[in-house]
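Structures follow.
In what follows, chain A forms one complex with chain B and a second complex with chain C.
This part shows the complex of A and B:
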């Protein structure tokens, strides 16, 4: 007699069979092309990031010239969302419903990705390697179709806390943070490692509104608490002011700086190069300006790519390095898919990157993901300002498991 | 010699053509035609285009709100994005925190925005022209930051914003969520357009325009300018707020970044391109602000802003009084 279990199993198999057969004509995949969607702020106040999208387009051109994947060329469809969430919803719906893309790759921005996250997960459209540093993109349980790429701000803060704990037994930490999800991630990350009890008892925080003209009063009040370590989690302009102020009032605190604000031209020079000596920040990408990479084979690949495929691009712009790294990630992902570009398989492969080396990442940093690990990069290296440039030191540090 | 030296003596004074009321049957035909045009997309368009059209109608409604205060009443507002945001947040807060239905939140956001508009109307009485424009602009700049403020973060969701869910079509109607959203939008917007066009053609509408064209004369005729201006602001804010409510459910997400001052500027652009002081022009304005950025982007990804600017200037050059002016000219020529 047929048990209930067998009947169910048989039914399941029958239901599954057409799904397997359909993998051939997966959404966004034809005999000759794979359609991949993307949104970028090509216009509006954040349009400086648009160069990431242009670098990725150039990279896709290069991949297509090289023959594409499993006989298919990539059709990389990228739209402008001006960093406005309603526009992102409109453009992503256009990508998914009208252009019928196989998946979304590297859409940029935290509020913009927020706006489409539920839509993508309801429709089971992979929202892959989003270009934002918020911590929430690693939430594989609730949003199995969304994945981040770069180390989150929280991971970065955990790395500073680890360094701090290794360096000093006794410290009095103060944090000045921008009052939004970016700044708050630093508070959360430091707290993760230092421990809630010790953090609440000893650490002093001061919040900075992006509308405040300067963080001077926050710096003064934090100095008044007698702290000897200061975490600066501010955007570029305020960070430059904070660096200058701490130096001018003669506060001898060990300063950590978010890597959002490590720009030499936009932060360190306006602050005064000598006023920032000793500041510690972190990085994961190689930089064109760093003398150590003058003959680096990885950076040479990047430079050759830029020369041939993006001749008008700025080699020194870290956004083009970032775009190149994402291009390599896409290449790896599509290679791993091995001809099966169904959404399920794309997501499965995205979540099984093992030790993937990207030539423009710092030595030792690789992409690693798993079904329960949606944070591809979790290691970073510390670097210290010597008055002229950032000097990397120490080994790679990994964020904490929380 | 008379004082009017510059005028030729034999200037033809056009006969004042008294406006003949449209016969009832003609009006009925127009209404039926309008309903047919509005309903057609439900059957013709697929869900993405329907969504775009829904957004365009919402923008048109917001432009209509701005048109009342700026077009008909002559008070320049560059801050209507603020009312749009407040309307959206009212709906989002009640729907996501208290599980209210969309319809129940609509009167609340209308009332809140009307009250806010009324309050803004008071300083507007003392400020005119550029000063009023700047004051309202500062409102548009301030609102996204106020929405992030700690004290109301529990309600507004701070930077992360709030998620809400589109209402489903009532049981028995074979419509998808997108189709139903379009129907809801068209009904609400249609009602607002009808009410506004009635308002404009009434005594109050004429008073609004008189206040705009010659305040002293209007006052001499016994119009209470203060109350007219503040009420115009209230009605205008209410309608833009209702549009905001609709946008919140159509997008299913609100965040401070959704309501940057760019929204206010878009509404202003929509009003000017569609036609200042024109109800029908607002509809064109809505379509313009939604679709033209996409056209600009299709032309050039490197500098969509430049293309948009060129298209905008071309429009202002070719249609100096907006789409509505074009329609008026065509209609005048046909009548001849």
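This part shows the complex of A and C:
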């Protein structure tokens, strides 16, 4: 007669053995396809980011041409949310409940991902590699089903603070920040490294509401405090205004600029290219315009991909480089899943990236995650505006452990 | 003290932006007794038209006046086609139409011209900021333009027969019609003028806040506040109201409550003013017999 223990052991073995068979029952996975969901602002004020979604679609077409994964093709379902959180909720519910996708990949936007984070975690749907730099996506304890990808704004600010402390012994720092998750991360990151006591005693901050027509008044107040270093944590339009204003009033402060607003066409040119000379920001992706990558094998792979799969795309748009990098990340993730596309395994694999090299990331930057590390990229390199382009300098800097 | 002067001048500069948009709001209110929520979007569209002309190689001032003419025509067409059929409908219908107009024009602008930020040229460009960085040539020039437009509007309503006819058509359509004024066309004219003033405002604002389809979204709120504070039926009051909001907001932010609450304080002051003087600082008190 079989003992109870033996029966249980046998049952467990039967359940565990054929991993592939189990995957057949996984949500969003059939014998022929894996359904993956995504939301993007294809319309509305932030539709410039929509090109990321289009690049990812092109990448998925390429993967499918190459045979897909474990005999399955990817069905990449991407909907327009116009960067509006209520629409994101609606589209994500549709993805999860009607389309029954296996997981969400790279949905874009901080407020939009905020709106679906609780829902995804309650339903245990992986909300993977979200396209936003807010720091909260690294919170594996509270939200184990959500993970970021790019360096967080807070990490970025920590890097600026490290550079600042290395450069100058004495400084008086001022921060103008957009009054939301994005801007506040910079205040937090600078505080992490400078130290709470010194920060509270010496640093002056001024908040900017996105409804304010200009940040001029804030810039004037901060100049009045006698600060000689200014962190500009504003979206592109306000950043351009701030760069222009600081120059026009003759404020000779060392300016640091969030890399959200490093666009040459949308920020530096409107502000006036000569008004931004000396500004420091940071990057982690290679840029098509950077002469250093003219014959770079990694960038050549990207160019070849663009030529064949996205012939109408703009090589110089950093959003397509970003989309390509995410495509490579998806490829790595699905390869690592090794035929088991259940939500649990997708999440487990997403949290076990080791030294994953992505050809369009700056040399030395790799993707690394763990069950307690939901921040894949934590290193960046500084770059300075010389009046025509961003020039990289110094080595890679890593964010602080907090 | 230097900081205070800077804050006041910067406040006057942004106040000038609010004032020019407030003027357009008052203009349409004068002519039709409605507040047009799509005013900002119409001004943005006009600015894009000017931008296209400048991009096509037209000299700035030619494009400037051509845009005013085109915008005037657009205003008249909008009134004739969209507003006229609902002229006698309840206020809520009008509000619905205005909001519809706002969405249609706003999205159409984005669809045609794209959402990327564009640089709009200023006719008052100077290499160096004036008065030791206190004020830029554009701020000075655009304030002058706003005041010029104000003078023209005032003179138009005060001294011309057409202006008088328009006022009559707005205040008392029935009597106006009885004395031979073509009320329908007066309303269309009012829309045209408001659109033209909006175009001027847009072209003065764009070099400061940069041109994109959402350019006017934030500004319109402040402009409403300025118009209400000065008196919605008084052009000079609205302009002064606009300047006041700009300065108040800066002073409150810099010295009183900090940047987070500066708008709140400015709006609280406005509500305070309206509680004491419901028709605005310079508004006319209207009595109606019931």
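In the analysis below, the second predicted complex is superposed on the first by the 378 of 402 C-alpha atoms of A that agree within 3 Å, B and C clash if a C-alpha of one lies under 4 Å from a C-alpha of the other, contacts with A are read in each partner's own complex, and residues count from 1 in each chain.
Convention: a contact is a pair of C-beta atoms (placed from the backbone, for glycine too) under 8 Å apart; a residue touches a chain by one contact, two chains touch by 3 or more.
Small disclaimer: the values here were computed from a predicted structure and weren't measured.
A.B. asks: Based on the superposition on chain A, does the combination of chain B and chain C result in a clash or a fit?
C.D. replies: After superposition on chain A, chain B vs chain C: clash.
A.B. asks: One more residue to check, A:241. First (chain B), second (chain C), both or neither?
C.D. replies: second
A.B. asks: With both complexes superposed on chain A, which partner does A:44 reach: first (chain B), second (chain C), both or neither?
C.D. replies: In the superposition, A:44 touches chain B and chain C alike.
A.B. asks: In the overlaid three-chain picture, which partner chain does A:339 touch, first (chain B) or second (chain C), both, or neither?
C.D. replies: neither
A.B. asks: Which holds for A:97: it touches chain B only (first), chain C only (second), both, or neither?
C.D. replies: Only chain B; A:97 stays clear of chain C.
A.B. asks: Return first, second, both or neither, reflecting whether A:394 touches chain B, chain C, both chains, or no partner chain.
C.D. replies: A:394 sits against neither chain B nor chain C.
A.B. asks: With both complexes superposed on chain A, which partner does A:179 reach: first (chain B), second (chain C), both or neither?
C.D. replies: After superposing on A, A:179 lies in contact with both chain B and chain C.
A.B. asks: Looking at A:80 after the superposition, I want to know if it touches chain B, chain C, both of them or none. Which is it: first, second, both, neither?
C.D. replies: first
A.B. asks: Applying the touch criterion given at the start, work out whether A:209 contacts chain B, chain C, both or neither, answering first, second, both or neither.
C.D. replies: In the superposition, A:209 contacts both chain B and chain C.
A.B. asks: So which bits of chain A does chain B touch that chain C touches too?
C.D. replies: Touching chain B in the first complex and chain C in the second, residues 44-45, 47, 179, 209-211 of chain A appear in both lists.
A.B. asks: Residues of chain A touching chain C in their complex?
C.D. replies: That would be residues 44-48, 179, 206-214, 216-218, 220-221, 223-224, 236-237, 240-241, 248-250, 265-267, 269-270 of chain A.
A.B. asks: Could you please specify the touching residues of chain A with respect to chain B in the complex?
C.D. replies: Spelled out, the residues of chain A in touch with chain B are 42-45, 47, 50, 53-54, 78-80, 82-87, 89-90, 93-94, 97-98, 110-112, 114-115, 118-119, 179-181, 209-211.
A.B. asks: Can you tell me which positions in chain C touch chain A when the two form their complex?
C.D. replies: Residue list for chain C touching chain A: 2-3, 6-7, 10-11, 13-14, 17, 110, 115-119, 129, 132-133, 136, 208-210, 212-214, 217-219, 221-222, 249-250, 253-254, 258-260, 262-263.
A.B. asks: Considering only the defined contacts, which chain B positions touch chain A in the complex?
C.D. replies: 46-49, 51-52, 55, 145, 148, 150, 158-161, 163, 247, 251-253, 255-258, 260, 262, 293, 297, 301-305, 308
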